[in-house]
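Both of the next two complexes hold chain A, though its partner changes from chain B to chain C.
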Partner chain A sequence: MKYLGYVLRNISRNPVRSLLTIGSISVSLFLMMIMLSFLSVNSEVSDSLKGSNRIIAMSSQGFAAQVPIRFVDEVGSMEGVTAASPLSWYGGKYQEQEMPFAQFGIYPEKIFDIWDELTIPEDQKKAFIDDPAGCVIGFKMAEERNIKIGDPMPLKGTIYPFDLNLTVRGIYKSPPDRDGRMCIFNWRFLEEGLKKDFQGRQAGNAGTVFLKIKSGTDPAQVCQKIDASTINSDTPTRTQTEDAFVAQFAELWGDMRLMISAVGLAVVVSLIFVSGNAMAMAMRERTTEIAILKAIGFTNGKVLGMVLSEAVFVSTIGGMIGALGCKLLFDVFDISPYTAGALPFFFIPTKTALLGFGTSILIGFLSGLLPAFAAARLGVIQGLRKVV
Partner chain B sequence: MVPIKYNTRNLWVRRGTTLMTVAGTALIVWSSCILFSMVEGLQQSLDVSGDPLDLIILRKGSTNETDGGFELDKADTMVTLKGVATDPKLGPLVSRELLNIPVMERANGSRTNLIIRGLDPVGRLLRRDFQIVAGRDLELGKGEAIVSERLAGRFKNSNLGDTLKVGEKESYRVVGLFRAGGGSAESEIWVDRKDLERNLSREGSVSSVQIRAAGPTDFESIKTVITDDAQYRLLALGEREYYAKQTQSTTFLKVFGFVIAVFLTIGAMFAAANTMFGAVASRTREIGTMRALGFSKSSILFCFLGESVILCSIGGIVGLLATLPLQALSFGTVNSNTFTEITVNFAFGPLVMIVAFSMTLAMGVLGGFLPAWKATDKDIIASLREL
Partner chain C sequence: MSAPLAIQIHNVTKEYKRNGQAIPVLSGLNLNVNQGEFLALMGPSGSGKTTLLNLIAGLDWATAGDVIVDGLNISGLREKELTRWRADHIGFIFQMYNLIPVMTAQENVELPLLLQPVTRNERRRRAATALKIVGLEGREDHYPRQLSGGQEQRVAIARAIVTDPALIVADEPTGDLDRTSAEEILGLLETLHRDLEKTIVMVTHDPQAASKASRLLRLDKGQLVGDETQAEARNRMGVS
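Our next item is the complex of A and B:
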């Protein structure tokens, strides 16, 4: 600690170099944070859903296949299940925008018991249950699109032939790591429409079945029980806990995840070279000085420590600006509305930001290693003689 | 002008620093190149650049083949439409197609949604450059499948000769590998339409119909009939229009990839500047000597700028060379429109290379400018006096 002043002095004696190194590290880490968050947001959300006591049953044939609506009642009456609702992806157009936000057909009287972290005033919930053509939308979407209760919400079907002319009956609030831009509507309204106008084509499909189970019940057991009960039907199911269900979307990304990690790693290695280079240049200029330090009695270990701490200090500042700054920026500024629905929500998970910050310390350490050893090994006479 | 040898020798004398800077920039160029070619490859594999006379027929209101389809009866009558192109052997170029999108396991154990397409034999003529590259084409009604060459092996049991298990009751023998001009078909597995219909118990429906018109006027008339005629009332899109829409979803990724690459370049620019500042600082006396010998300020400026550009270009070339092993690789990711797997080949085209290389030049010029300017600004007497 005693030598902190000396280290700081050394950093600031060539401000251009230190600033350039800091700049290089912070810009690159900033980007790395964004790329890594693409990967980690999903697992972060999935982790936060552990213990939500929710499970989702989908067709073992994937999303394109049917899950008959009768399963909702059958499964809903199983032991340990407290509430069940269809969760049917509608995927419609809103004002000619294709799939601008998620739309689900659900049972209004059940859904808020299942999705209990979404909050909605009692009177709005009642209005939603009472109006078959009603819908509830997320608060973020309501703010951004300036939609109020009572406004129309026309959705044009792309998967289903039946268009939904809904009215907003309520606005739900949700925590930041949940989608605040969904539109949920009464599943029965879609069903009636398909039966009435389209001879029941594509009717009777629950999409997926969304279930709440009693806390303390083993979700894996319930999942197994459900799958066992449907295995011999025409539409066998694959039932998973909600976190596993969410995690499977990350799986879809496939090799893209690997590629993003590879680029991230390349950036880190590149930064080690960059800041190592800066450190080596600083040391070369200071060869005489280091020799003098040694001549007046500084041990090799002390010299090593001082050079290393200088490197770590510089890159840590870069990490603070790049990694932690990036987190702050995205906490304040929400980019989701500008991604045309590609990202329903985006944030830098704290873990990812800390990883970035940790990486900057590691970069400093690794980049300082070689110059520090060189400085520590420098012979006094040799160093004093050297003209730079 | 200061001879270029002066710069190259200097880079050699300071080879430690040079090597580190080269390694740094090479990694950045490598990364940018991967990002670009990934986005470019993604776009190509969503595209088909089909014949301008090809039409795709969907249910009205749907935006995508995967959005569910319409009645087979309607599709059956389309062969009688006036103006449909005809193949002497296979008859009218009308292919009725049915899609299944099961969850399949990749070779590495992760799962995703994969398109299995059942189509009429004539459908092969409606894909650009369709060819069987290994094995043979499937025989109708025998539960056989052909797999895109670049997809084969990326999923469990998808190699030639394997039996591909789809569901509890559905399986196909892989008898051939195909290519189809690098477009979206190369992310699919093809089977006989009737086999698929039977396996899915979806007799009597199709997901889409692909048609080729005999000429531009026929193209328009078929489009009108299918859209307006009470018998059809379906959505008829030119294939080009359809695929242009499909590739729109990559716009976001494209912008994202570009922004990342630009920022990476800025980061690398700082690094290059750092190296050059060091190079200038340690040669103060030399610069003074050169000025005393009569080299003008501008030749000093160009000298150091040139050195910076050489330095970054070496990095750029190394980075580009490092992408060579990746050229033949294909990878799988998700089509965000349909949530289905797309198989992508890296596309290190000349354009990607040129853009990535220009970025290194930008690094060299912009990163080297300030240090070079500093070099010209030195006072001759003072710099000669410096240690």
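Our next item is the complex of A and C:
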């Protein structure tokens, strides 16, 4: 600690160089954090959903294939299942905006038992259940678009021919890693509209089915049981836990994951060179000083330690700004409204931020190694000769 | 009875290798220096003055022979041991002052004390005392760039004496100073020698600087060609 003052003074010796080094590290790590987080957010959410006791049944043919609505009641009455609801993607336009937020047809009386992390006042929930044309929206959407209870929520169908003229009956709150911008409406309202105005075209489709199971029930067994019950039907299902369902989105990245990791590694290597070059220049300028330090009794080990500390300190400041600053920024600033619905939520997972911060320490250490060894091995006479 | 020996040089030879060829700098040198002596090493460029100073200060190793300082044969010490020994026993004064530009006068003087087992307060107190001795009281918070050359060299002297070393080595301490500043620095070295009884070995080209020393040594081509006290030198030159 008693050498810290000297280390800090050396960092401020050439402020432009130090700032440029810190800047290059922080900007690169900032971008790296964003890239890595695109990959890790899904995994993070998936991890947080473990133990949620929720499972999702969808067509074995994929999302786009139909799951008949009767299936909801069938699986809802199975042993171990406490609640079931369709989750039907509507994908309509709002005020001519293409898919500005997620819209799902659900069972109002069931959905908040299933998504129990979403909270809504009881009176609003009741109003939603009582009004077939009612809907509930996320608190973020309500805030951003200044929508209040009682306001109209007209959605123009793009997948379904039936337009939904809904009324906001409630606003739910959600944790940061859940979508706070959804609009959920009564599935039956869409169904009746399709039957009444479009001769039942595209009617009867549950989309996917969300189920809540009893705590202590083995989800794998329930999934197996559900799939076994549909295996010989026209619409066989693929049922999985919610965390596995979310994780499959991460898998969609496929080779992109490897590519982004490779780019990240290349960035780290470049930063080692950038930072190492800055340290080498600093040490070259200080050859005499290092010789003086050694003359007055600083051992090779102490010189090595001080130079390494300096490199690590500079790099760590870059890491704090780039990695931890990035996390802080995205914790405070929500970019979702500017992603045209592509990202319902985005955050830098703590693990990713810590990885970035740790990387900055490693960059400092590796970039400081060569200059530090050179400084430690410098002979006093050789160093002093450079002056005279 | 003569004073105990501060430095004993026994048959010391120093050679440098260049392109595989040995270049002798000092050849079979013998020298004894008493404690409390103020020694001036003079001689033409390349005569081996600085090399001898480096050997005495433990900055370099002799090719052959023994260098004994304060009773310890430092020729046998390894680099790490020698570095630690320097921290405790030697004070350095260089021609170009060589202060750390980003540290204040006080911090520069405290630097050697970082290697000693002393508290922060003790470091500050000792550095302040050293600065007072060199007449820089009130300049503790000045950075080297805010000081004149003479003042910078005084800070360097304060840094050299702050650990209270037995031996102070000075390589052309006035070589970069004007006459007035040089006089002040030489006066200060005389004070250290006279009042604090420090053993001082000073390399200089300047006869004026050498005139402050108690003993004059002349080197030429790695050999000791003159060794006289200040009084003997004055008599020889007919100076009263």
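The rule is short, and it goes like this: the second predicted complex is superposed on the first by the 386 of 388 C-alpha atoms of A that agree within 3 Å, B and C clash if a C-alpha of one lies under 4 Å from a C-alpha of the other, contacts with A are read in each partner's own complex, and residues count from 1 in each chain.
The rule is short, and it goes like this: contacts are C-beta pairs under 8 Å (C-beta built on N, C-alpha and C of every residue); 3 or more make two chains touch, one makes a residue touch a chain.
In this text the structure is predicted, and so the values were computed from the model without any measurement.
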When chain B and chain C are modelled together on chain A, clash or fit: fit
First, second, both or neither for A:220, with chain B first and chain C second: neither
Touching partner for A:13 - first (chain B), second (chain C), both, neither: second
Which of chain B and chain C A:294 touches, first, second, both or neither: second
Partner chain in contact with A:4 - chain B first, chain C second, else both or neither: neither
First, second, both or neither for A:281, with chain B first and chain C second: first
Partner chain in contact with A:380 - chain B first, chain C second, else both or neither: second
Chain A residues touched - chain C or chain B, whichever exceeds: B
Contacts of A:270 with chain B and chain C, given as first, second, both or neither: first
Where chain B and chain C come nearest after superposition, their Cα distance in Å: 11
Shared chain A surface residues [contacts with chain B and with chain C]: 387-388
In the complex, chain B residues that touch chain A: 16-17, 20-21, 23-25, 27-28, 30-31, 34-35, 38, 59-64, 66-68, 99-103, 106, 110-113, 167-168, 201, 249, 251-252, 260, 263-264, 266-268, 270-271, 273-275, 277-278, 281-282, 331-334, 336, 339, 341, 387
Chain C residues touching chain A - in the complex, by the definition given at the top: 54, 57, 59-60, 79-80, 83-84, 86-88, 92, 94-96, 98, 100-103, 107, 111-112, 114-115, 120, 159
Of all residues in chain A, those that touch chain B in their complex: 16-17, 20-21, 23-25, 27-28, 30-31, 34-35, 60-65, 91, 93, 98, 156-161, 163, 202, 234, 236, 238, 248, 251-256, 258-259, 262-263, 266-267, 269-271, 273-274, 276-278, 280-281, 284-285, 339-340, 342, 387-388
Interfacial residue positions of chain A with respect to chain C in the complex: 2-3, 5-6, 9-10, 12-13, 288-289, 292-300, 302, 380-381, 384, 387-388
